[in-house]
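These are the structures, in structure tokens.
Here subunit A shows up in two complexes: once beside subunit B, once beside subunit C.
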Partner chain A sequence: MDDTLIGRGLKRTPLPRFLLWLAPWAGLLAFGLYATYLCFAHGLNQTNMDNRFAFGLWIYLDLTVIALGAGAFFTGFLLYILKRTELKAVINSAVVIGFICYSGAVGILMVDVGQPLRAWFTFWHPNVHSMLTEVTFCITLYLGVLAVEYAPLVMKNRRLKEIPGLLVLEHKLHKLMVVFAGIGTLLSFFHQGSLGGLYGVLRGNPFAFREHIFIWPTTFFLFILSAAAVGPSFVLLTTWLVGKVSRKRLVSPEVFQTLGKISGWLLLVYVVLKGIDSLVWINATSPKTGVQVSSFYAHPPFGTWILFAEVVLLGLVPAVLLLSRRVRARTGLLVLAAVMACAGVVLNRYVMTIQTLALPSLPFDSFLSYSPSWQETAAFLAVLGYGVLLYSISFRWLNLFPEERELAAKG
Partner chain B sequence: MLPGNTDFIADPFNLVFLGVFAAVLATVVGTLVVAAVSARRAVTRGKAASILWQHEFEELPSSAKECRHALTGELPGRHCDRAFECKGCETHAKLVADAKALPFLDTGGFDVPADRYYHRGHAWLKPEEDGTVTLGLDDLATRLVGKPSTLDLPPVGERLAENGPAFRLSAGKARVRIASPVTGEVVETGSLAKGFLLRVKPDGPLDTRALLSGGEAAAFFTREMDRLQLAISGARGVPALADGGLPVGDLSKAIPEEDRDRVLGEMLLEA
Partner chain C sequence: MHTQKPPSSLPAHRYTLVVDLDRCTGCGSCGTACAVENNIPPAPERSTERTGVVWMRVHEVTTPATAGERTGFVPIPCQQCDNPPCVDVCPQRAIEYDPRTGIVGQIPVRCLGCRYCMVACPYHARSFNWWSPEWPEGMAASLNPDVSVRQRGVVEKCNFCVQRLQAARAKAAAAGKAEIDPADYVPACVEACPSRALSFGDATDPESEVARLVADGESFQLLAALGTHPKVWYRSSDPVVRERLSRTGVMRG
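For the complex of A and B:
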């Protein structure tokens, strides 16, 4: 049965070994589901969040996976709209990663909201003045778009495609994929932006508040750009990782190099704009509110090193590395640069979520520390378990890398 | 505006905000509906087999897509981009009008009876006196498959579409479909022992323009031997067949079990 589901010419590990690989991830998922049950049954007192620290590990996770999952929309945009056909080699995998990231984010949001049965309230009673309303609308719609993009991969499974109707539907959907790629780009543009925007509009929090361009704070644009920049790096990284774990060549080195180059250019633009934004913030925006920027970095461990790490070490350095032809020619260095780029955006989301809330924003406030409860951590890890499970199953039974068969035949 | 929501204020900003999302949602749903309706129409109009074939063809390695006129040396290196649908191909029509009949040359050691037409997916078609046609596996495919472990023939009355699945067979871990060279209705099922696998009543006059015969078929089999060699040598650790000589009777034994599925798929044009 299992053999007949695996694509022709693709070699996969024997089923018992595959099940053994899945077991710990399934365990992680089960543990997280138990924590989720506790949150639903007993309420959000199971977490270490409170009225002051209302955004914790979960929102940080949401922001991070949504940024890393941007590879799906951006690869789709490059392939279907800009016709970068060499990215066909990774688009399927990018879609699966995007689907995992967004479904994981929506899942964890449901736990965070605490009353998932009332999730529809946000659509029927929208607070149109909240950036989060736009985020909710966009993420929900985009998850639907990702599901539509994922469905053809399933329909092309070796056994399923023998059902004529399914393959015909796949064919028709594929022909219309440019529409979904366009919508995905539009939705991603706005929700990535609004996620950044929601910090930039915090006028009462000088650490997060930024100057506005028309109605949007600069963080709106920086979030879009940083997500678009690291999306290809994350696709590169996951493809390389899957190749290492499965011991297979999945794409040609040229594909890695293309992803690296695209990521490098976008990251460079992002770092330049982020640098300008930081200088304006340090010299104008923050002083105008009566707070010197140095005070934001007076609370260990949030020293100035964190700004340096975010902008230079994990921003400028990987951008320069990715733009170097010599570095791109060496897979090890290319992957290292991609890891640094992804770490940069992970750190940025951490700073925007956790540091923003930890710093005092009123004279009588004090620096607040927060560490997640085990239930929060378990739910966080459940998303990781779910992601690995879904990706592993997809990799086994769907043709995620169209070049794999040809590369395997070449030996 | 929203039933049950008394707080909602229908000012222009709110309406634009919700309108944009409603438009996006409508576009997504509309596109899905268009795809579903179009797919349903294609299935009811019997175009599923053609779409399936186009899909398979796109995913085949380029070595499998060589134009029939490249096989004969008329247009060296030319690859087909029409899924072997020669009927509408202007180049083919021009070459057929200009060309002389090719001599029936070496067939690479394969048995290629001259009274049959050959599909690029290794099914043969033989016109019978009663207006029906018989279908079977050609010599290369027969030797490649060896003794099939299962042979799934369609029942009498089933309709076949040109390039759609005619029947399926499995050999060891390999499972392949054989593409049909004709559109029509199955009127009799045969067996390997009977010398044919299906008897089909074609729809309308028999159209063999996309099939190979005579000298073209001979050139095809000679070239297929090269392709087989490439497919087998792709399997790691297996030496390539030496040039020259004749293929052995049972080619299936030359293919390692773990590569059989891939090699059969590649040769019988199933991605």
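For the complex of A and C:
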């Protein structure tokens, strides 16, 4: 049965070994599901969040995975809209990663809200001024788009292809993919931006608040750009990692180089704009609220090093590395630069989520600390377990890398 | 700057609370009266200072030694901002600014429990119901029938005892009057304060005590530079206290 599901010409590890690989991830998922059950049954008192630290690990996770999952929309945009056909080699994998990231984020959000059964209120009684409304609409719709983009991959499975109806449907969906790529890009622009806007509009928080361009704070644009910049890097990383774990050549080195180059250019633009934004914030936005930016960095461990790390060490440096042809020619260095680029955005989302809440606002406030409870950590790990499980199953039975067969034949 | 814009239109009535810091002894009567009036349940054993439900938190504040160390108390309810940072962020319209009164209302039955409003509020005036409300045996019989009990997983905050405003309006309507008698609308905290540190009234009425207090130069708003335009004012005869507490950012030196 298993053999007949694996694509022709593809070699996969024996089933028992595959199941052994899945077991720990399934265990992680089960453990996390138990933690989420506790949260649903007993409430969010199972977490270490509180009235002051009202957002925690889960919101941070949402912001991070959605940024990393941006590879799905951006690769689709490059392939279907800008016709960068060499990216056909990774689009399927990018869609699966995107689906995992977004479904994981939506799942965690459902645990994170106090009244998940009221989630539909946002659609029925939306506050159109809220960035969170925009995030909710766009993420939900985009998850639907990702599901539609994922569906043809499943339908192209060797056994499912034998069902004529599915084959026809897959063919028709494939023809519509350019439309879905366009819709996905539009939705992604808005929700990536709105996630940044969540913090940039916080008028009561001089650390997070930014100047507005039209109705959007600058963080709106910076989040779009940073997500678009690291999306290709994350696709590069996951493809490289899957190749290492499965010991297979999945794409040609040119694909890695293309992804790296695109990531590098976008990251450079992001770093320049982030630098300008930081200067405006330091010299104008924050002082106008009566706060000098230096006071934000007076609470260890959140010193100025964190801004330097975010903009220079994990922003400018990987951008320069990714733009170097010599670096891109060496896979090890290319992967290192991609790791640094992703780490920069992971740090940026951390700063926006955690540092924003830790800093005092009232004159007699103190700096706050927060560490997640085991239930929060377990739910976080469940997303990781779920992601590895779904990706592993997809890799085994779906054709995620169209070049794999050809590269295997070449030896 | 965006944050400094005054509200586009001010409400017809501006219900305002003035806290005299020189008079506040930190006894906590305001918070207790608030809890009784608004059906705030006792905190569970596992709760902490940061997880209980509190609508009126009394902070003990000590000014730095360099400024002549002195200790005082600062009661902080929802500041009822005229330019509230919380209203726009709520995804499902569970927070409403009443243009007739200026009161910022929280509507728990609409609340998703996302806590974005808590993140947006620089005064930390909100509480999330981390636990289901529970009252000791017999105590539930003494709940205020004019205030709904909130369930686990929603956010709540001070609303200037708006149920008392509704009762005052009903009384005025029954008497054939268009406006309420100011004496009929007094929040529970103001009523309970033994040292008369709290004054409440309509600041649009030039004859009111609060209108006089906010205009006399000894009153200030917390985090005024953020442009939230709170309707809770603080006052002190001590210029050091006024300067320290009205600034944005942490007291140092």
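By our rule, the second predicted complex is superposed on the first by the 410 of 411 C-alpha atoms of A that agree within 3 Å, B and C clash if a C-alpha of one lies under 4 Å from a C-alpha of the other, contacts with A are read in each partner's own complex, and residues count from 1 in each chain.
By our rule, a residue touches a chain if its C-beta (ideal position, glycine included) is under 8 Å from a C-beta of that chain, and two chains touch if they have at least 3 such contacts.
Computed from a predicted model, the values in this text were never measured in an experiment.
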| item | value |
| --- | --- |
| Subunit A as common anchor, with subunit B and subunit C clashing or fitting | fit |
| Touched partner set for A:Leu5, first subunit B, second subunit C, both or neither | neither |
| Which of subunit B and subunit C A:Val154 touches, first, second, both or neither | neither |
| Touching partner for A:Val145 - first (subunit B), second (subunit C), both, neither | first |
| Which of subunit B and subunit C A:Pro164 touches, first, second, both or neither | first |
| Touching partner for A:Leu176 - first (subunit B), second (subunit C), both, neither | first |
| Which superposed partner A:Pro126 touches (first subunit B, second subunit C, both, neither) | both |
| Partner chain(s) touched by A:Leu313 [first = subunit B, second = subunit C, both, neither] | neither |
| Larger contact residue set on subunit A - subunit B or subunit C | C |
| After fitting on chain A: smallest Cα gap, subunit B-subunit C, Å | 7 |
| Footprint overlap on subunit A, comparing subunit B with subunit C | 125-126 |
| Partner subunit A, residues of subunit C touching it in the complex | 1-4, 44, 46, 48, 50-52, 59, 61, 74, 76, 83, 85, 88-93, 110-116, 118-124, 126-132, 152-155, 222-223, 225-228, 244-251 |
| List of subunit A residues in touch with subunit B within their complex | 3-4, 8-9, 11, 124-126, 128, 134, 137, 141, 144-145, 148, 161, 164-165, 167-173, 175-176, 179-180, 183, 186-187, 402, 405-406, 409-411 |
| Subunit C partner contacts - residues on subunit A that touch it in the complex | 43-45, 49-55, 112-115, 118-119, 121-122, 125-127, 129-133, 136, 198, 201-206, 209, 211-212, 285, 288-292, 295, 356-357, 360-365 |
| Subunit A partner contacts - residues on subunit B that touch it in the complex | 2, 4-5, 7-8, 13-14, 17-18, 21, 24-25, 27-28, 31-32, 34-36, 38-40, 42-43, 47-49, 51-52, 54-55, 59, 61, 173, 175, 231, 234-236, 258, 261-262, 265-266, 270-271 |
